[in-house]
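Below is one structure, written out as structure tokens; the observations come after it.
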Amino acid sequence: MADSATLTSRITDALGDAVVDQGEARGTLVIRVRPDAWRSSAEILRRTLGFDYLSFIAGIDWMPAPVVGLVEGDTSTPAQPSDMTFGVAGSAGRFQVFAHVQSTAQHAGVTVRTDVEEADPRVESWVSVYPGADWHERECWEMYGFVFEGHPSLRHLYLPSEFEGHPLRKDFPLLAREVKPWPGLTDVEPMPGGDDEAGEEGTA
Amino acid sequence: MNALAVEIPWGVLLAIKAVVILAVVPLGALVLGYTFLLKMMSHMQSRLGPMDPGGFHGWFQLIGDGIKFLQKEDIVPDEADRRVFALAPTVVVISTFLIFVVIPAGPRLQVANLDVGVFYALAVSSLSVIGVLMAGWASANKFALIGALRAAAQLIAYELPLLLAVVGVVIQAGTMSLQGIVSAQQDGAIFGWSGIGNPFILTQFVGFLLFLIAAQAELTQTPFDMPVAESELVAGYMVEYTGFRFLFFFIGEFGTATAFAALAATLFLGGWSIPGVHGTAADLLGPLVLVVKLMAVAFLMFWVRFTYPRLREDQLQALAWKVLIPIALVNVIITAIIKVAI
Amino acid sequence: MSTTEQPTTPGFEVDPAAFRHLADAQVNVELDTGDMILNMGPQHPATHGTLRLVVRLDGERVIAADPVIGYMHRGYEKLTEFRTYPQVTTLINRIDWLSSFANEVPFVHAAEQLMEIEAPPRAQYIRTALTELSRIATFLLFLGEMGLQVGALTPAFYGFRDREHVLNLIEAATGGRFHPNFNRIGGLKDDLPWGWISETRNVMKIVLDACDVFEDLVVGNEIFQARTRSIGIIPGELGASYGVSGSNLRASGVDWDLRRDGAPYLAYPDLDFQVFTHPDGDSFSRYWVRLQETRESARMVLQLLDGMPAGPIMAKVPRIIKVPEGEAWVETENPLGQMGYYVVSKGATGPFRVKIRSASFSNVSILPWMLRGVYVPDVVTILASLYFILGDIDR
Amino acid sequence: MAKLPGLIGGLGITFKTMLKGAVTVQYPHEKEAPPTRARGVIALSEENCTSCMLCSRSCPDWCIYIEGHKEQRPPKREGGRPRSVNILDRFDIDYALCMYCGICVEVCPFDALFWSPEFEYSEPNIASLLHNKDRLGAWFATVPAPEPLEVGADSGKKK
């Protein structure tokens, strides 16, 4: 493992003014780059810095999921905070795309992300840099509706070609959880032990 | 010698012969299928195989399967060439029946003692590929078509080493009649010692191996089962067949395996003969002896089948043309030289 | 039998061999036939699952191949957003169902990192042992399955037979043969049952014997070698840029194993093990590398059993698990390759976003490149040698 | 060992295996006993259940259905307060949905749910996989006693 401080400075130096912000996800460096430098950053990461391995490309929707028909006392769906907060490297808006690249020789990895406009979600494609980006970008396109400019064929990957909507956006409802009433809602007893926070799970 | 020589009208004789042939093929398929496919393979794979049907080690399994196949719906694909599709399994099975015509099971237990018995048997056995081609073409299925074409290509490559392997035996025996070959082995002697006759496996060992390898290809068994290659072509030319038509293919496959095992036993192991046993005793013991030798050969063939992976079609062609045929030719030449010299 | 020898194909060069069949076709240009589209799958014996391959054929030669996936897409990344952390582990068991225990580890590890707790050493050791056991179980199946795809029926049964012993161990410890759900945030559900360690020692002997059998029955078989050598070559650099990982990448000569080279996790830093690579990058070397790794895993399990510390198996964890806000990326060396979870938490009882990086997805994405110019039978051996689990592709 | 050609060595392996005997277990006639921890079926001890809904709520698949009502019981001792008791009306587990994760068994604070290694309850009809509380209660007889732990386990935490 390369020393993380040197690694950070090497990467930020090489990327130059493309870097908007940086943060750390529990030991992993997260670099946020300008949207117009998304492809060139990949170029630098692979050709200059030797990050030869593409782990994944994925999208994220920072908008809190709209609460639909949540009943009092429903603990089945984790209640996320209702205000929009962004991750470790910040974001300009709701959508971001992030990717993790690694170096098989230096045994180091870095997560890069960039903002995607909500009104016109367009990102530069990485296919010309990492050929493996093909499927990841297709997945991201159908799950979030991000258009990867320069991708050879943005077709559906997982979903049938007539599928409408972008399932991983937070406003896309999970039907399975909406057609069936939560069975945990009848006649509630107070939980044993009273205080929920302090107990220990132990070896059941 | 003539104790059994009751005068039988030729019509009745023909009927008996037809019944025997018709019975031998499914019976052979059944015995080999059960012994090797169900039991030997299972045990080689640390399994037991079917145990329940029939009570004793599942002996009824294959018969039950046959009955099941007869009850199944006869599915013909929409796009299929219906008449060819229906005819194909029959062609395959008929070629199997025809081989048994010349295989002797005793000095007089033979349907027809042709002078060109060997030639006839090998010629007739290759008819089955026509059925395979018909099946593959008529199924209107790409997997079936590829399988059938592979089978045809394979046949062309393997007919030659098969024939050449037998040529050595024919030269040594000096006859193409299977009866003649058997008696040449029965009455032969190894350097004057005639204790076990002179089974040609000793002098023609290379020929025996070549024959087995080529027969394996002829029977589309692993390592040459590309035409059916279940992991690539699902089931090759049989992929669209169901019910009794599939049953025909199955009988054809194992019937032909029986036939080739019998042929190999006859050509190389002395067939029905035991040295010194002649006449009526040989007629009575012959079938049993033949079956024992046949099973031994079949064991070898199926042993290989259950152990080896499969070659690729181009590798098979290379093996046939670059290795087997040269070896077979050399074998023929050496045999001929020795024959002339002695 | 020496395990350090690494056979090479003499006179081997990447490019001409990879396009050898194309060159052949050039000679036969006057025999050209029309193309045929062959649809392999979603139900096809070679795709062990519901992968569909649409291949364009010229005779038996593949001109182009397009894998179609998604027949088993279950939307786990969406489902995780509707479940609490303990519930998510049940889901991720079912991503790569042949080595489910190994799937749980990175996710639980990510949650632990965010909560800043660490499982006690005994729990780490047991986790490592079970991870390696699931690697053995997966690879034993592969070692047999690959034989089946090349046409030999028997090795598959040996694979299933010997894997059963390992599955019995996993079931005895976790209660589940395939879906253990044994990891808890902060430790394990339960300690090992009485007699498990000695039983495991016996089973490891069986596993090592099984490896010898596969060495003789499959690797040593000339037909198998003829079918797999210089077939389906992945050049190391190209493989990495496609995200091909694990044994597949190591078989291409890239010496990269997250157990050794990644951020330290589980008990791997305490273990002494060898990472195997092979210079050829063909189907045969993928088989060979997995065979060696199976042996190595068995040795690692024995080491773990010897060094198993005593003590608790659960850290102090609140009864209701709320993970503090933050992000964590945890990657592990799973049997199929690099498996990682990028977990984004917003302080709730469930994750806000989980990106599941599964190995097979990237491993299979190289197929269109690999299958160009090979014969139909080679498609099958290449698919088998890449060794993917459909649940791991489709998630 | 001497290096035989692989083709012949392979034949040797299959032949040896053939002589070694099979590992098959003829299932309906003979059965393997699953390990005691095997998660076969969930057994319910009805008297322990207070219908607190904890299992039903923590189920990832929402496949546990509980209904109950409270009843007033006369006090145990003279002069005491009347007790309120939960009566379990319905406790169904839909095994067609169950993922066998065991979370319900773990969260139960009253030891009312147990794993049993029994596995023979397949049904031709998917609706019959919904086991009601009587059926779940019948499994209770098959619950094995907890087994001892391996050397080095933390004895203080033993059940």
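We just call them A, B, C and D in the order they show up, numbering each chain from 1.
To be clear about the criterion, contacts are C-beta pairs under 8 Å (C-beta built on N, C-alpha and C of every residue); 3 or more make two chains touch, one makes a residue touch a chain.
Note that the structure is a prediction, hence the values are computed from the model and not measured.
Student: Comparing C-D against A-C, which pair counts more contacting C-beta pairs?
Tutor: A-C
Student: Chain A to chain C: how many Å between their CA centres?
Tutor: Once rounded, the distance between the two centres reads 24 Å.
Student: Distance between chain C and chain D based on Cα centroids, please, to the nearest Å.
Tutor: The mean C-alpha positions of chain C and chain D differ by 29 Å.
Student: Can you check how far apart chain A and chain D are, centre to centre, with Cα atoms defining each centre and the answer in Å?
Tutor: 37
Student: I'd like to verify one number: the distance from the centre of chain B to the centre of chain C, where each centre is the average of its C-alpha atoms, in whole angstrom.
Tutor: Once rounded, the distance between the two centres reads 43 Å.
Student: What parts of chain D, by residue number, touch at least two of the other chains?
Tutor: As it turns out, chain D has residues touching two or more other chains at 7, 10, 13-14, 17, 23, 106, 154, 157.
Student: In chain A, which residues are in touch with two or more of the other chains?
Tutor: 75-76, 193, 202-204
Student: What residues in chain C touch two or more of the other chains?
Tutor: Residue numbers touching two or more other chains: 83-84, 154, 158, 161, 189-191, 217, 221, 223-224, 312-314.
Student: What chain pairs are in touch here?
Tutor: Listed by label, chains in contact pair as A-C, A-D, B-C, B-D, C-D.
Student: Would you pull the chain C residues touching chain A in the complex into a rising list?
Tutor: Those in contact with chain A are residues 69-70, 73, 75, 77-79, 81-84, 110, 113-114, 184, 186-191, 237-238, 240-245, 249, 254-256, 261-263, 312-314, 316-320, 325-331, 338, 340, 342, 344, 346-353, 355, 357, 361-362, 365-366, 369, 394.
Student: Report the residues of chain C in contact with chain D in the complex, numbered from low to high.
Tutor: 1, 83-84, 86-87, 89-91, 93, 122, 154, 158, 161, 164, 168, 171-176, 179, 181, 189-197, 213, 216-217, 219-225, 308-314
Student: Under the touch definition given earlier, write down the residues of chain B that touch chain C in their complex.
Tutor: Against chain C, the touching part of chain B is residues 41, 44-47, 142-143, 146, 222-223, 225-226, 229-234, 306-315.
Student: What residues on chain A touch chain D, complex-wise?
Tutor: 75-76, 180, 182-184, 186-189, 191-193, 202-204
Student: Please name which positions on chain D make contact with chain A in the complex.
Tutor: Touch residues, chain D against chain A: 50-54, 56-57, 59, 62-70, 86, 105-106, 109-110, 154, 157, 159.
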